[in-house]
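By letter and in written order, the chains are A, B, C and D; residue numbering begins at 1 in each of them.
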């Protein structure tokens, strides 16, 4: 992962995931607000998107683990080298562990969508735990690095732990659109910040950054706030676009139900497109 | 900002904002308690004050950003000096970033007042984020300064983060007068404390403060508690004056509604006066 | 306060306050549980005890401030000595500040008992703030002392901040007997721990404690847990005694109301006795 | 406790307790979901299991304290050695203190099961306090040890304090199956992690671990996440097995009641078996 690409891939993944969640929660919210006029149960479209999301999360995590393990420089599933008495490629193992927990989220989402017996909210707990584990491993990752490197990763943790806390709260406060969009916002922030880390530590062009200069640390802190502003703007734009589109469709089609179904088709195609980009 | 004035301006701003919020929440609370006797919907007066508050917050932030950028010693919208390979006036950029988020609060308040589609509580989330960003930037601002300077800014963070937490809670617990007044109190505390920082670091008269003396640190800690006591007293006095005035007016006028409307006029004039002071 | 007595006086105060709160909350809880059989409004006895509690808290704080200021070695209301360019007896000023906030609690309790207009829960907020300020001032008090001295005061902060948090929660969750008794328990713990600090730092007899020995730090940590166990036992015994007594009295008298009134008399005498001990 | 066995015994205890809680909460949840079809009150089976759990917790704690005190190398109830002016075997005293609080939990569970007068949730508070005290004592236990030793105990604290927080939340949010199972999961994690600590610090075979190597610290952090994944898997499997078994039994027997009673017998035998293993 010590390259620009190594930061851009997870960054892109989190960015797309955040965008997708924004769209999904926007749809959910629209449906909840107009429920009185529609049917009482969630339309099958929501179940379908959850299956797709869960399946993709599980699949992407599996691919991620395989890649981390079996790239030429990877550990090839060896954990301890008895010859040299040392651990083999712990970095790759740590990344595999992070993927594992996002994979668990995928499976939990699948199971909790399929069965009514799974308590409501377990999927959010799994996502919260996945983010916590990511932050937890990063936290001990960062020690004894140059100041700027440590700082830029610490800022990442702000997004990761905020997202974890917000998802944990969602276990207890269901269907709160503000919490849901805040969680999505944190995923988008995490995604764009991964790109920023890539640009700073492995600049594609121009001079290297001085990793111990205090001014760079100050700039990076401020830059994080700009990313936050952009993420908030993105979430606001996307969710209002979703709302506005749904409203116009249901108005034109004369029926919320039909509007819902039309949107479903459009969006599931969009989700599939996004998902195929993600890999 | 390295002057008395540079601390007095934001201090005055926060102080007035806190006082205004106290009045506003006092009015809101009165109306909620007497709702049964009045009409069920919030009177248009509340909408109007929100428009004014949002507009002023947005406008003041815009002015603040412009001033920080285009004062003679400012960065004039230049971020990086490629000649000297250094960042240009990061301090001014940081202050602009802080203003930006208060500007976002203003816009969110405008939009959420105008449209019923915006989920209730988004304005408080925006205010909470604005305070969080302020505290966040200050936190990394303070490192490697003399003890008293660092300490006096750390105490400011207590007020800032308490205000942020209290506003975050308001997202989930609406119309809780205690939380609302606690948030106002933190703004007033922040305001008066900015003045205190100005007096300590840039004394208008008398000898300079010894920034490394332990006794000064101890005094300043205690002084912060006195500011808190004064802020609590102010909030208590203002909100009970508002309550008492409304009560007398509605009693004399024989009708809560009429009382409300009368107060509205008085208060919107007062709000305008305050707002014009703020700039 | 640098003496055994200086720790025993506040310790006794907090201990008695904790015991009193346990009795009060026990009575409250009994009344709430049997309300269906009794009258719907709180009996005047509760109002009376609140007046006494508030009045005593205010009065004791006033006396405390006067003593701290005007003992022979006190600052006699002088804050800054312009001759020597130094602060006068900051320790006494800090203690006065702590008393001030407990005095504010007393006044808030009086006002909120007297008027229905004060929002429910403000008294708990005032108590929470008083505890927070106490902990806050202690926190910056403790720096640069020998290890055992610093540690034993840090442990005090655990009780103080837990009490503050529990009282803060009570603002939002009213009439939760577990929270109420937990708060009382933290006051008792604080009280007994003040005595422990006195015994350790200013032993009445026997050898001085070695303030830098690690074993002493370990023992003191464990001892704090024993104090916690004793405080929990005390709260359990007192509240069940209160319950059992009330139950027997109301059973014998054949009427909850009469039982309540009888107890009131006994308890207000008891409260007065306790209060006179407190000073 | 400075041996493999000294870590395996508490580890086994916590592991079994976590597994038992998972089964118990699974049964509880099944009963709550099917209550409409059954009788309104909790079946006596739940009371019986609580008596057994409370009794065993109290008994095991008593045995634990006796063992810690009266093993040949123990303090034999002597706290201070006036001859050498030193504390006697503080380690054993600390462990006794931890046991004491789990014993208090046992007694509280017994009393709150026996009497309806004890407020609902006090048993969870007692468990939360017991975990807090455990973590609290460990926290000051860990200072000034080699890096790996300190780190591996710090990770234990993550499980301990998460469990404490989750049980504290249960005081206020009753019958939330996700919280309940999360708490059980933290007990299982704590249990397996005690074994891991034993394996690392006192390896049964193979070379000693280098306690200051950074790679070992990194591996151990990752390993903690694997333990978490296994604990989550265990909780998921056990609770779904419990559900599935109850469902099949009640289906076959044609009556939820009868199924409940049958399971009760099976499970109380199982609980007894587990309990006898625990000692």
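The definition used in the following text is that contacts are C-beta pairs under 8 Å (C-beta built on N, C-alpha and C of every residue); 3 or more make two chains touch, one makes a residue touch a chain.
Which protein is which chain? UniProt says A, B, C, D = Transmembrane protein 45B.
Treat the numbers as computed from the prediction; the structure is a model and nothing was measured.
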Lowest number of touching-chain links that must be crossed from chain B (Transmembrane protein 45B) to chain D (Transmembrane protein 45B): 2
Copies chain D (Transmembrane protein 45B) and chain A (Transmembrane protein 45B) - interface residue numbers shared by over half, same or different: different
Chain C (Transmembrane protein 45B) on chain D (Transmembrane protein 45B), rotation in degrees - Cα superposition, rounded to nearest 5: 90
Mean-CA-position distance for chain B (Transmembrane protein 45B) and chain A (Transmembrane protein 45B) (Å): 33
Between chain C (Transmembrane protein 45B) and chain A (Transmembrane protein 45B), distance of the C-alpha-averaged centres to the nearest whole Å: 47
Sequence positions of chain B (Transmembrane protein 45B) contacting 2 or more other chains: none
Interfacial residue positions of chain B (Transmembrane protein 45B) with respect to chain A (Transmembrane protein 45B) in the complex: 85-87, 90, 93-94, 97, 100-101, 104, 117, 119, 121-122, 125, 129, 133, 136-137, 140-141, 144, 171-172
Residues of chain A (Transmembrane protein 45B) touching chain B (Transmembrane protein 45B) in the complex: 29, 158, 173, 176-178, 182, 207, 214-219, 221-222, 225-226, 228-229, 232, 240, 243
